[in-house]
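Think of it as A, B, C and D in the order they're written, each chain with its own count starting at 1.
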Amino acid sequence: MSGTPLIQVKNLQLYFGAFHALKNVSLDFNAGELIGLVGDNGAGKTTLIRVLCGIHKPTSGEVWFNGERVEKFHPKLAIDQGIETIQQSVGLCDNLSIARNFYLGREPVRRIFGIPILDFKKMREMSTRVIREFGLRDNVSADDEVERLSGGERQSVKIGRAVEFKNRVVIMDEPTNHLSVREREHVNELAVALKEQGLLVIYITHDIFQVHKLADRIIIMENGEKIEDAATSAMTADALEEVIRQGGRKVEKREAV
Amino acid sequence: MAAQGFKRLVRRHSEIGIFLIAGLLVVFFATSSDGRWANLYNFATILQVTATLGLMTLGVALVIGTGEIDISVGSTFGMGALVYLWLALRIDPAIAMLAAVTVGGLIGAFNGWLITKTGTPSLIITLGSLMIFRGIAIALTDGFSFSIPYAARGGFTYWLFGGGDILGFNTGLIWLLVSLVVLMILLRATPFGNRLLAVGGSAASAHSRGVRVDRIKFSAFVICGLLAGLAGGLEAGKLGFADGSMGRLMELQAIASCVLGGCLLAGGRVSLPGALMGAFVLSSIQSYLVVMGVRPQWFILTLGVIVVAAALGDRLLRQWAVKR
Amino acid sequence: MTFKGWILAATALATTALTATLPDAAMAQDGEKLRFVVVSHIGSNDPNMNWLTMAMEEFGKKYPDVEAEYISTNNYSIQEHVRLLEQAIATRPDGIAVPIVSPDAFEGPLRRAIESGIPVVAFNIADGRPEGERIPYVTYVGGDELLTGRKLGEYALSQVEAGVVPAPTRVVCASHDSAHEGLKKRCAGMREVMEASGAKFDELFIGAEPATARNTLQSYLSANTDTNYIFTVAGWSAPWAWGVANEMGLSPDVDMEGVTVLTVDEGPVSIEGVRQGHVLATNSQGFWLQGYAPLEWLYWNVKHGYAPQQDILTGPIIITKENADKWSDLVRSVFGEEAYNQQNTW
Amino acid sequence: MQTPLQALVRSQSFGAVIGVVLMLAVFSIVDFSGWWRSQTLANVAHFSAILGLVAMGQALVIITKEIDLSVGSVYGLTGVAFITFEPQYGVGGAIILALLIAALVGAVQGLLVVKGKLPSMIVTLGGLFAARGLIYVWTGGSVNNFSQAARINPLTRLFGGELFGIEAAIFWMIGLCIALNIMLWGTRFGNRLLATGGAQDSAESRGVRSDHVKIATFTLCALLAGFAGIVTLADKPQTHVTLGDLMELEAIAAAVIGGCLLSGGRGSLVGAVLGAFIITSFRYELIALGAPSSWFITFVGVVLIVAVIFNQSLARRAGHSV
């Protein structure tokens, strides 16, 4: 790993009202790395990546991307910079078709008399190709509304979209939720393949054993803090699990007092 | 099998309900009124009313599409009418209309700006501006009203903005049709439309995909204001008259039209032709009661019952369609 | 209930509702009958509507070969009124009676109706423009709003000279609809006379909602303590004005002290107000005649080609203590003893 | 434990309290002698009490995350029913029957919202028209008088009379405000009402029948509006078919000024009453200052917008997500 990290986070703090969601988090992410971001529910994983993909603005602290300090936080800017995110609970609008969701925010257009008209053909063809690759049912077409899809199928659309528009960073928030065993394997292979193409992949999960096999580095968060940052070669999955457990107990004690 | 096919149709097109209702009503009205309802002159009247109410309804439908609501359109309509008639007398109607539409747009921008900047529920903000601009409209016409003598009306531009007929139909209808086509293209075939519906469907998801939610909502309110201003100007041009009461209670009719036309108040699902058909149905019913000589006391009662009954009927139809 | 059941029930309900609301749809089939339509702005929120509809019933008894319909707006709105007028024209009636609320707004549709051979009689409000410029209707039957305000004001001043009531210092014209042209004219007529006598004059929009109106009026009276005349431009708001003034200890009855109330209309409320000494004067613009005479003229015009050469004024007639008893008898004979007493809300 | 001051600052009605204090300060400066008169205050307090009754019902509905546009018409319908039934059923019977009508309208609207799964805005919009239409059809445009005997009936005096020179309406409003506050904050039903508005799914997952809660709330709101109508007419039994016209706007404005958030689950009954007081006071002061009375409606609009933004920022500062 040479040169400056692709993403640098320095002393990040984030409050939601009185709730302290991120406590002084500092991290480096390099291109060509697959990073497992692990922690229990409420640990701050999703909040952290929501800062990285521009949904939340940090209360204080700095985010550097590719050697430049990020001043404004908006998903549009993040996407334009090449950060693709597979969000857990958001990302699809139930009322729109697969094709429309697929291209939401970056719709391809043809100009007719200067008016940007959606390029329906391209939207349909591309999204159909991708959803077939991710194993959607044969009777699902790109024109079907997302509302009709099962949980796994929805996840497939999100992953397909991220892969299709991949650029420099792909962030996956619990990507294997709702997926069958075979689909899960497919996603994991994909994560590795993306990394090998030189992208930064941040893989969020609470299953340490699953991600230990894939990742180069594991970051563990607990209660809004980073409590571990170690290369997978340096620590076994069991050792890491112990860290999580310890962190958990520390918190319990604190709350008991 | 036919029922299954119909179910699919209803599932896909939320406006089917109102088209069915409209069809049945037209048949019923035409056969039961002895030619009093179904004649060209009356149709022209109904369509003229539909034109101005419809323009307003289209705007409200867009706002509803983003999951917000605009109940200030009645007052915006009134302001548009006053501005148009005041200027049409003094300068050219074309410039007057431009001014009326601009005023409408500004009111829309005022609403949109407050709602997106402060994150306040649009119902309250637009309720506030409904009152503000109604008060201003009444204050502007304190002691007098604007009108253009019948004999003084003339010229192409006056004709064009609701002041004349083409083939027996008010020219306001042209503006409705043009707006409908433009807005349907805008909504269904442009990135803006895609994002607008996405915002209404799930603002968080749209935001996460890089859509500037506030800008989309702001634009929807501006368009809604523009259309209400246009509608007000057209109505004033048709009447040659405007006072502080113009557009009173029309906001309620516009919202009712949208709901009848299959627009989901929660946002994300709107049908512009459906909303327009809703406006047509409301004005048809109203006209039917008039031509049949029903005592005026019954109007408002019937209107109330029909709005709820139609909304309920639409709901039941869709529930039936979703059942497998 | 199943979906089908729901639909059936809803349809049944809707049909009953509709058939219940349609008066004698079958009667209209009778081709021989003439059909006159009265398109009015005196709507369901205005008790004066009863005058017109009762007069029309009377007309119907006399001319069974005519069917007369009364349609009106529920709120005062020119926009809606014109729409009703156009829809009424669309039914091709044999005659139309309509108040010319705004000559400019009504000219288009009315000219079209007249050109297509439908005779039009204006009632209640005339087209104020000179002959030749105005809408070519058969005739006008009704009062004059400006004159109403002026005559009432003049009567009040005459009573001041007679030593019955104090001289006006500040007059408030309490209007329930700030967009209503006719009401504005009543206020304007009163303003002319009162300002000429040296009194201050204000127009106050009190709204039609009783509690709000009382609150507004009370606020005005406590802020402007020199007010000693209240002119309510609707008969039904006179008791509100009197009540507020009475509660504030302003002695609103007709005497040399405190506030004096003036009102309009010949309904039981206004007339009893005068008779009981609460109200100095009211006026009649001949509502019964306004409901009856236009139809009569339409009939004579259609059947025999009659057209009067001049407008027919039915008012204003000032109703005072002197003639109120006669008016009370007259109104009782129209509404009936029981309805008269019930509508007297003093 | 919070001190009473902290509790006040954190309460939903804090914005309205600030509003009232500011308003009184301004009024004292611009119109001291006119405002601080027993006559003025009695006038404002009397109408505030009536509007406050309606606004409290509206506040309850808004707390369940719905809205009721029909309150003005229900207020009118109940009042007209009270007057019209009196000759036949006597004062007591007329009050009961009129309130039954109000409850029926509220319950039907609640049923349609809950069982018909329709937006409350549409249902109550229909209710607004239908109830007003009923008044027109029923009365034919003129409402009957109230006999002299009925006016001095003790029941009529109980609702519309005076006690120690203070209008009965004010006592009724205060009494009901206390009772409703106990209901909202101190009973199971109140807790469920708050939960239904705050998070309907969570409430239902804990076994709360949110449909029952909503129907009950709509009924309660209509009852309060109807009761306000009866209180108004027992005092001044001269009425008109326009009784309650546009009152829904003022009631919603009062509830919102008083701190009700349309996001549901938060609101204040005391605030709603204070909101009604602010609106009524402004009407007086605008007229006293000689502004054309059509500006009043503009002013309510401005106050409404300012108040909702202010209340919201207060709520956010207190850490609520709204």
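The criterion applied here is as follows: a contact is a pair of C-beta atoms (placed from the backbone, for glycine too) under 8 Å apart; a residue touches a chain by one contact, two chains touch by 3 or more.
If you're wondering where the values come from, they're calculated on a predicted model, not measured in any experiment.
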{"item": "Separation of chain C from chain A in steps, with touching chains one step apart", "value": "2"}
{"item": "Chain pair, B-C or A-B, that carries the greater number of C-beta contacts", "value": "B-C"}
{"item": "Chain whose Cα mean lies nearest the overall Cα mean", "value": "B"}
{"item": "Chain located farthest away, centre of chain C as origin (C-alpha)", "value": "A"}
{"item": "Mean-CA-position distance for chain D and chain B (Å)", "value": "31"}
{"item": "Computed distance of Cα centres, chain B from chain A, in Å", "value": "42"}
{"item": "Inter-chain centre distance, chain A versus chain D - centres from mean C-alpha coordinates, in Å", "value": "49"}
{"item": "Junction residues of chain D, two or more chains touched", "value": "136, 140-141, 292, 294"}
{"item": "Touching two or more other chains - residues of chain C", "value": "43-44, 49, 74, 178, 205"}
{"item": "Set of chain B residues in contact with two or more other chains", "value": "138, 142, 244, 296-300, 302, 305, 312"}
{"item": "Listing of all chain pairs that touch each other, if any do", "value": "A-B, A-D, B-C, B-D, C-D"}
{"item": "Residues of chain B touching chain A in the complex", "value": "185, 189-191, 194-195, 197-198, 200-202, 204-212, 268-269"}
{"item": "Complex contacts: residues of chain C adjacent to chain D", "value": "43-47, 49-50, 74, 176, 178, 204-212, 214-216, 218-220, 222-223, 236-237, 239-240, 243, 248, 267, 341-346"}
{"item": "Complex interface listing, chain C residues touching chain B", "value": "3, 6-7, 10, 13-14, 17, 21-23, 25, 28-29, 37, 43-44, 49, 69-79, 82-84, 86-92, 102-105, 107-108, 111, 133, 178-179, 181, 184, 188, 203, 205"}
{"item": "Residues of chain B that touch chain D when the two form their complex", "value": "69, 114, 118-121, 123-125, 127-136, 138-139, 142, 244, 252, 255-256, 259, 265, 296-305, 307-308, 311-312, 315"}
{"item": "Partner chain D, residues of chain A touching it in the complex", "value": "16-19"}
